[in-house]
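Look at the two complexes coming up: chain A is in both, with chain B in one and chain C in the other.
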Partner chain A sequence: MVKKLIEKDTKMFLTGNEVLAYAANAAEADFMYGYPITPQNEIMHTWCKLLPKTEAGFLQTEDEISAGFSTIGGILAGKRAFTATAGPGNVIMQDAQSMAEMMRIPFVCAVMQRGGPSTATVIYAQQETRLTCFGGNGEGFRIVYSTAGHQDLYDYMIKAFNTAWTYKFPTYVLADGYQGKMREPVMLYDPKSRGIEMVPVTPYLLGEGEIGKDRKSVHLRNTYNMEEELMEVLDQYQEDYNKMAEEVAEYQEYKAEDAEILVIAHGIVARSAVTAIDELRAKGIKAGLFRPITIRPLAVKPLRAAVQRAKQILFTESANGQLAQMVLEKLYGLTTPYSTLYKMGVGVTGDDIVQKVEQMVKTPATV
Partner chain B sequence: MARTKMVLAGEGGQGVQSVAKILVEAGYEAGKQVLYIPNFGVEQRGGVSIAFCQIADEKIGEPRFAKGDIVIMLSDRAIDRCDTYVDENAIVVYDTSVCTKKPECKCKKIIGIDANRIANEQLSARVFNIIILGVLIAATNVLEVSDIKNAMELALGKKFDAKPELRELNYKALEMGMNMIKDKVGA
Partner chain C sequence: MTQILTLPPSLPNAQNAEVGASKFCPGCGHGMILKSLAFAIDDLNLKQKAVFGCDIGCSLLSWNYMDLDTVQTHHGRTTPVIYGLTRANHEAIGIAYMGDGGGLAIGSQHLVNATVRAERMLIIVANNTNYGMTGGQMSPTTMPGQRTETTPYGRDCEVTGRPAKGAEMVAAIADPNKSYVARASVSNLRKLRSTFKKALKNVEMGGFSFVEVLSLCPLNWRTNNVDTWGRLAQMEECFEVKEFLVREGLEG
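Then we have the complex of A and B:
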């Protein structure tokens, strides 16, 4: 059992990467596997710096392929294990992440998005949105929380472990280089003080006693002989996923109730949207925000309701419409016109959104 | 809502990020809302390094802002890169002893300082960035000198204790930076 560092509410001034390490400890995580890549390195650094106090474990592997698979190994052995990565590291970790989907492993991973494609920048982007939701050769049986600042990082990192261990789908905290590197105040707390009990962790393998005599053998399948045999399993997964989606999907609305122009944004961009909306409202423009917190699965019903209420939609992302693509599919049949503000690998400021919305007031979207 | 947006840009290795850290730490300790984003490339030294800092009375929304209230440019490349963060309300400060050109932007005021030369000739090249910190607090007026000194103690206290003359050197650099700009900012 690891030693928890935060016993009472403690306000700290930290980088987001540091927050994630503290959150994992608060969630009673006992092992991290990882390989360095900017901008997530300080999650590992902080986790390691805290090891003498937490008595948790860490393994630096030879690459992200190995980090992903060793995380699965740790979980099979009964560890509340996790990993973190970014950019090209996230790309090459997809093999292990697919395996976690197939074998229903409660894999937890923090993704600190950087610019892409390929090495691109080490700074910031929202270009791993699609990859994190649908990477690998599967169907995206994953749960992805998109955070918008340090309090979110702490809250949702703790939640990610419980979601993963409850539903046995890989679960992600999707953030970015800004959130990883930036410093802002955050309140750290013991989850118990908020009524959060950590879901108990049980080993998949390495049970007590002799196989066949004291206990049944464990057969975790990653390969199937027959096409139909595979489909039968995946159909069941899909059913589980749909059921889970209703319980897990989260969203945030800001002044969306009477919004004529509804901004749809996730993560840190949604925070810029809040700044913009306050400014626009002061100018008499009825703008509002719909922010999916789980970008997979999406909270479809409230999303459709908010879109239906609005006269125009604005999709804005630090990517070329990766969230919009996922959202638009769920808006089939609605006719609210939309416009876009995409800055690939670049931060979206409040001013950017204000200007765009003012433009939409003058010349409404027709798409 | 009072919010001060600051951009500090220079070459990697000039100490831009170290100074930004002291600045926001001072703001945090003084009970302000603060948000700091470092922005740099893959190089350890030599790339353009930018710090985006915000100090406010109320909770800060957008982490990246479009235009700074003060934009400090400490190299030619920083001048090239930072034009985009300047508008007519901004104060631009650049170092005439590092830059070979003058920023050409439409802004409230462009102020040239020679912090690098003064650091080298009168103090030590190592406190160049502390002079810049002095310039920044005098130009923005959102923090007290005592807040900055407290934050310097948190960041450099151990070094100061080992070599007390370093504390004096840094205080002097801070003061010189503040004096350098005091009469130039205006209303």
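Then we have the complex of A and C:
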């Protein structure tokens, strides 16, 4: 059993990566497996620095492939294990992530996005949105929380473990290099003080009981012989996923109720949107925000309702419409026109959004 | 009156009796290796704490072959799954089972690093000098001149390099104070069982073990009984069968 560091509410001024390590400890995570890649390194650094106090485990593996697979091994042993990665690391870790998806393993991973494709930049982007939701050769049976700041990082990292262990789908905290490297004040707390009980973890292998006496041996597989055999399994997963989605999907609206121009953004870009909306409202422009917190699964009903109320939509991302692509599919049948503000691998500022919305007031979107 | 005597098959306790007929091709070496392993597990009474991980390739068919807690992983990824598990559960005896492709090609970085870190586990590489499941392509251990689907005119070492010597490589980088490294062959199952026993004992002592087993693939080799065993004899000339590294204090 790990030792928890935060017993009472403690306000600290931390980088996002540090926050994630503290959050994992608050969630009683036992073990981290990891491989260095910028901009997520300080999650490992902090985790390792705290080890004498937490008595948790850590293994630096030979690559992200093994970080992913050894995390699975730790989970099979019944540990609340996790990993973290970014960019090309996230690409090669998809191998393990798809196994977790297929075998319903409560894999928890923090993804601190950097520029892509390829090595690109080590700084910031929202270009792993699609990869994190749908990477691997499957259907994207995953849960992805997109955070917009340090309090989010703390809250959702704790929540990710419980979501993963409740529903047994791989669960992600999707952030970025800005959030990872920037310092902000954040309130650290013991989840118990907020009424959060950690979902108990149990081993998949070498659980209780003697083989041949109390139980049969466990045989976990990811290969199927027949097409129909596979489909039967996946149909069940889809049913479980749909049921889970209703319970798990989260979103945030900001002045969206009477918004004529609705900004749809996730992660830290949504924070720029909040600044922009205040500025626009001061100028008499009715702007509002819809921010999906779970970008997979999406909160479809409130999303459609918000879009239906608005006269125009603005999609803005530090990517070329990776979220928009997922959202638009869910808006089928609605006719609200939209415009886009995409800056691939570059931050979107409040000013960028203000200017764009003012343009949309003058020349409304027609698409 | 004729009395029919039925004898139960001599199955090791660690082998799954419910699996029925072998899923491996006729003449395949996997069944022999797994049975020997199961006997060694019985010998050391490890059934309740062993975890068996199998790779992808022919070895994937062993996913329910053992009466042990088992996880089937991805191609080349059994090693990290198992050391991830044994890092988290210090009581577990981790066994990673794979072919020569899984061990020495696609998963070679894991083999190298697990060896260097002396992960507390046993890695078994069944070496049949080709990729069996996918139809008999060249593998890292394909012998010079050997015909496979991707070397139809024989392996040309000038082009494709020399056969990989797994046990030699592992022995060269393993920690001599913690490791057991051997190459065995299905031509001597008694010896194979005792090799596994020694390897597992070393894991029980907290060490790292690697056993490469020379195995048979008559289907892809396109060999009859006589030629199959002839091929194995050739392999034993190419790949020396012996113990390469035995930590001090480890006895057979």
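Criterion: the second predicted complex is superposed on the first by the 364 of 367 C-alpha atoms of A that agree within 3 Å, B and C clash if a C-alpha of one lies under 4 Å from a C-alpha of the other, contacts with A are read in each partner's own complex, and residues count from 1 in each chain.
The criterion applied here is as follows: contacts are C-beta pairs under 8 Å (C-beta built on N, C-alpha and C of every residue); 3 or more make two chains touch, one makes a residue touch a chain.
Keep in mind that this is a model prediction, so the values were computed, not measured.
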item: Fit or clash - chain C, chain B, common chain A; value: fit
item: First (chain B), second (chain C), both or neither touched by A:Trp47; value: neither
item: First (chain B), second (chain C), both or neither touched by A:Gly78; value: second
item: Touched partner set for A:Arg271, first chain B, second chain C, both or neither; value: first
item: Which partner reaches more residues of chain A (counting touched residues only), chain B or chain C; value: C
item: Touching partner for A:Asp63 - first (chain B), second (chain C), both, neither; value: second
item: Partner chain in contact with A:Asp351 - chain B first, chain C second, else both or neither; value: first
item: First (chain B), second (chain C), both or neither touched by A:Leu220; value: second
item: Touched partner set for A:Asp30, first chain B, second chain C, both or neither; value: second
item: Superposed arrangement (fit on chain A Cα atoms) - minimum chain B/chain C Cα distance in Å; value: 25
item: Chain B - residues contacting chain A, complex; value: 21, 24-25, 28, 33-42, 60-67
item: Contact footprint of chain C on chain A as seen in their complex; value: 30-31, 33, 57, 59, 61-63, 65-66, 68-74, 76-79, 81, 95-96, 99, 203-206, 210-212, 217-223
item: Chain B-touching residues of chain A, taken from the complex the two chains share; value: 13, 38, 121-123, 149, 178-179, 181-185, 268, 271-272, 274-276, 278, 347-352
item: In the complex, chain C residues that touch chain A; value: 13, 16, 47-49, 51, 56, 60, 63-64, 66-74, 77, 79-89, 91-92, 109-110, 112-113
